[in-house]
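Per-chain residue numbering starts at 1, and chain names A, B, C and D are given in the order in which the chains are listed.
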Amino acid sequence: MTPEPPEEFRTLQELEGAAARRLSEEVWAYVQGGAGEERTVRANLEAFARATVRPRVLRGVAELDLRCRILGRPVAAPFFVAPMAYQGKVHPDGEVGVARAAAAAGLLGVYSTLSTRSMEEIAEASGAAPRWFQLYHQPDVEVERRLLERAERAGYTALVLTVDTPVLGVRDRQARGGFAIDASVPVGNGPDVLPPSRAPTPEGETYALRSDAAATWELLDELHRVSRLPLVVKGILTADDAHRCVDHGASAVVVSNHGGRQLDGVPAALDALAEVVAAVGPGVEVYLDGGVRRGVDILVALARGAKAVGIGRPVLWALAVGGASGVGRYFSLLKAELATAMVLTGRRTIAEVDRTLTVGWGSEERRRPGGA
Amino acid sequence: MTPEPPEEFRTLQELEGAAARRLSEEVWAYVQGGAGEERTVRANLEAFARATVRPRVLRGVAELDLRCRILGRPVAAPFFVAPMAYQGKVHPDGEVGVARAAAAAGLLGVYSTLSTRSMEEIAEASGAAPRWFQLYHQPDVEVERRLLERAERAGYTALVLTVDTPVLGVRDRQARGGFAIDASVPVGNGPDVLPPSRAPTPEGETYALRSDAAATWELLDELHRVSRLPLVVKGILTADDAHRCVDHGASAVVVSNHGGRQLDGVPAALDALAEVVAAVGPGVEVYLDGGVRRGVDILVALARGAKAVGIGRPVLWALAVGGASGVGRYFSLLKAELATAMVLTGRRTIAEVDRTLTVGWGSEERRRPGGA
Amino acid sequence: MTPEPPEEFRTLQELEGAAARRLSEEVWAYVQGGAGEERTVRANLEAFARATVRPRVLRGVAELDLRCRILGRPVAAPFFVAPMAYQGKVHPDGEVGVARAAAAAGLLGVYSTLSTRSMEEIAEASGAAPRWFQLYHQPDVEVERRLLERAERAGYTALVLTVDTPVLGVRDRQARGGFAIDASVPVGNGPDVLPPSRAPTPEGETYALRSDAAATWELLDELHRVSRLPLVVKGILTADDAHRCVDHGASAVVVSNHGGRQLDGVPAALDALAEVVAAVGPGVEVYLDGGVRRGVDILVALARGAKAVGIGRPVLWALAVGGASGVGRYFSLLKAELATAMVLTGRRTIAEVDRTLTVGWGSEERRRPGGA
Amino acid sequence: MTPEPPEEFRTLQELEGAAARRLSEEVWAYVQGGAGEERTVRANLEAFARATVRPRVLRGVAELDLRCRILGRPVAAPFFVAPMAYQGKVHPDGEVGVARAAAAAGLLGVYSTLSTRSMEEIAEASGAAPRWFQLYHQPDVEVERRLLERAERAGYTALVLTVDTPVLGVRDRQARGGFAIDASVPVGNGPDVLPPSRAPTPEGETYALRSDAAATWELLDELHRVSRLPLVVKGILTADDAHRCVDHGASAVVVSNHGGRQLDGVPAALDALAEVVAAVGPGVEVYLDGGVRRGVDILVALARGAKAVGIGRPVLWALAVGGASGVGRYFSLLKAELATAMVLTGRRTIAEVDRTLTVGWGSEERRRPGGA
């Protein structure tokens, strides 16, 4: 039995459509779904759709460079693979396929605690490309300590601590689709690694939470003691929490609402970006994920203060459609879109992407031009 | 002939869909419909859809408590069954089924003058759980006096006077669906209890109204004379009327537009909340009904000053789908959603739900953070 | 051949649907259509849909009176039949049917120069009820003079001069539907009465207009010389033109965009109302037509300064569905809706409908309450 | 084999529908499509849909004149044919058909470097009517010089330099539709004329651009040296770039986002107009293209400072439907709409179209009337 040949796609819409056809309803609901009424899922996309970009002309862009640094390490472009669990449900290549494609494209990949392949296999597939390890805080301290040691040993160069998932959100589409995270899903990092727990269950008159769900900001201090890796805190949407990240030694924060999968009703990632950027100040890098689909979206996020952006669902679509080669093709498309957007806004380098790129953020010659 | 087995539902959408399938068109029109073009029905939902919530992370929520007090009485959660007439049209269990489920869940139930079961049966089904009696002012003073005496005797602990229904609204969907409140609908509290009258009918050159429709604020004073129960005034949307509630000794007010069933074009309940909360001041409790569907909606209403919220249509959907056990299942879902939303906004108790929860209402550390 | 029996309707939606079924596509396109993309047609409706009404409770409305005066003459309610041409295309009863229904309901009717029945027949059908004559300025001065004399003789008590139709608008839906105002349409007021001319046609390098299209404000002065009837100017949307109406002795103005049939892109009638009311001051009455569908819409227009409102398309729907008796039934529905809306906003009389009725217009006790 | 007879159309919607039926999917995708998600395509239309126009009445418009001057040359109306490539794909008449229709209507036509007919043929078809030559900057300087010489010799009276297309935008609909600009498309101006290049392709770690894509503002100076024709710069959306046009001797600028075909996310042309008009000052003419569909749209653009507007897609629709005679018919419709809109806003001449025409731009007698 040979696998279906990967489908060709020339555009993002074709990619999404092909993935929808290729995945089972159950897995598609898992990939696309969000929490509750999926207001925040839509808000992530709509915030980019509302953004308006100021094009510039005749700027002499003879050569174009997409490269930049993320936490000091050079990458081919300011976007990375966002951490996503259970990629083996989408395609047999799973995280190894994604890592291979990211490495070939010179991109940073972030891989989940809940990968279906082991972090060592993923590291091997990543070759010389940078990789980060995403951590879901574990109820068993020893399990967590072993994960961190393995990550460091396997060449992961940062820890991405996800803080917006003390319990799983109310994922109705997933529930209706019948997707369950159960024993049938392989946990690449070992059987004692646990996913976040479900909704708090009543215990007498109150609701008790699993130990990992009850973590405080002290957790960052503990992680610093256990691991030498720089800490990136993922799932920050408010200035208050951003301040605490800085106070507890985070090297970077990811403005994210978990792709709209946790609490329906929180702001779009892009709408929360400015507040977080202002709060952390220049010493801490800020990334964003949620709603980035197009090359121009990347420019918008960078113009508003992000250092790089994470790409989520489209990577899964591409993985579903063509495994590692599908993901590679998608990265090429996105780089080409980004390059085109840079030419059309007159930017030769990522460093030139400043806040004058979006309407209302002032202009080169005059602050706040007419109508802004 | 055995009844159909209750349908299972895992999500609110499945519940609503199942209810639509199970009820006759006529009853469904009654349940879902509102006044006129149903602008206010939609506005109730849209106001919650527009609300944006500030999540908080790493707040050390080890244990969670949904309990609170409503007019001094402890309840398991800050939501209650809104008063709704004719529940026997939806399911043979009617109000008795709802009361049984509310009691099992430790929730306050408010039951209508126009229940299809007697208030005494409902009281018995409520057991130790708190129950309030909703009053439609009666044209016959003696009928009203007897209702109040029975309520007090049956252990109802507050009177909820509905003031927004001097006449019934223009309920087009109901009219088209053919739903009529006629002799075929049993009036559990006795045949001399009357529903609000229809649109005023012309009498010569003017329109005369039935005596109950012509009530003034003196009605509250009269009720205080007849009954020792605290008075909750339901159907307040303006500061002016809220002031009068306070002046006439109301213990609480319910910000409500009768689920959009009375005057199409009045504000969403959530949009009117702040004005009423500001008007009554701290001595009078404010509740809200209209548009509450999700756990996070409850938090939003509480953050904006409500002490508790009433749940309307979803209770009828659950009753239609599974009788008392359907309602119980819905209450479990809603509590789980509320608990999840509290964890994800970092709240351990209902008392911690303050105005910093919604964007634009300031923050813990800085008033009005960037962009708010 | 007997006519189909009139269809019953209980709601406005049923009425509109029944009319759509009963009229030919061509006539329906004429009735419903507007200019261009029909943006202004939609804007008329959306402006009312956006309006928010402040309900009031327990105001002791024991008796209700819809009566008011329009230009000093008593009418049963503050709405009137807007002038509409060619009503015989919709139903054999035509304007005579409408007039009979208006008279029975005690309502003012305004009848078009381009009625399919003669103004004398209409006057007879109107009995004791007030009627006004709508004038399309005629290219032939003698034709116009005779029309005015006949109107005065037949008991019309005001002239409504339509000023927004020097040429017909670009009515695409009508053009697509194939509706043509040609010789087959009877002109009740005589064969020498002309409709407004079509789009200006090129003449060499410029475009010449028929003499009536080229009128100036002097026209009002001429009409005062020819007729003793008070002059109502219809089709005013700006303060500038409203000032001129006052300067040239108009007794009243109608804020109207001709139901969105003239220039697509002009404001909704309701959105233009405040500007015109402020411009004319207290000595001149202001009416509105365009988008009024519901009883509560009438209150909104009155709260914002209109003395009365004209009803257009719904009258044609009712005429199509049931002739005179259909129109009568519609008037009853609308009066009942208006009465219900008055009870629910606590108004006993039309004089009590003030600007506190709509949110943002202040309140009884405090100017601009919280949130307004 | 005879061609299908041209379809009749009475309205713009019929025209668009007929074109959609008549063109292949591939060509229709080319005509209608834009960049990315086509947000900017929609924004162009929505900006006009949002504009509100102040009608005026009784202004004595006895005669109407649509004529005006564009760069000093008289034209029959303030709209022109926007430059569009490959018109031979739409109809065998191609640019020659459009030119013939424009000449008959007394309108300015702008013809693309990438026309499917030679500029000399087009010039001949244009007769005495003004024509401008649109230039895509060529990688081969000699090729460009010869184009400019031919244009001057063939009686083109201005050069329209398109500056927003250093590379082609990401045209997904076109890619999905399978439209390719390849060898099969005749290049009327000779085989050595090149279209803009595709997305920048990677070269090692950076992206190199074709020489023409790397142009700077010096290009304008070079063109002035090579050609005596006045220079119109097309594709300006910001004040910054508008200033540079003035500095480098442009006679006019076209506010344009290339019909939404270049960078998705840039502002609607109409929304960018005010900023550009303010930036260039009175000495330089400003035109607009993108979203103009109706006569009233032309007035809106003129009221906001445009001297004339370009018409794009509708010309192609008309060409598809009826060749030269279809285009002629469309021009007649649009002129009639414009004339009607002028009468209904009380304007006799194009010079009278001032900023009081759009709400919020002040009024004749009072600045900023009530509500504006």
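Going forward, a residue touches a chain if its C-beta (ideal position, glycine included) is under 8 Å from a C-beta of that chain, and two chains touch if they have at least 3 such contacts.
Quantities reported herein were computed from a predicted structural model and do not represent experimental measurements.
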| item | value |
| --- | --- |
| Copies chain C and chain B - interface residue numbers shared by over half, same or different | different |
| Most distant chain from chain B, judged by the mean position of its C-alpha atoms | D |
| Centre-of-Cα separation between chain C and chain A, whole angstrom | 58 |
| Mean-CA-position distance for chain D and chain C (Å) | 41 |
| Where chain A touches two or more other chains, by residue | none |
| Interfacial residue positions of chain B with respect to chain A in the complex | 10-14, 49, 51-67, 76, 294-296, 300, 335-337, 339-341, 343-345, 359, 363-366, 369-372 |
| Residues of chain D that touch chain A when the two form their complex | 36-37, 39, 163-164, 166-167, 169-170, 172, 175-176, 199-202, 205-209, 211, 213-217, 219-220, 235-241, 243-244, 257, 262-267, 271, 274-275, 278-279 |
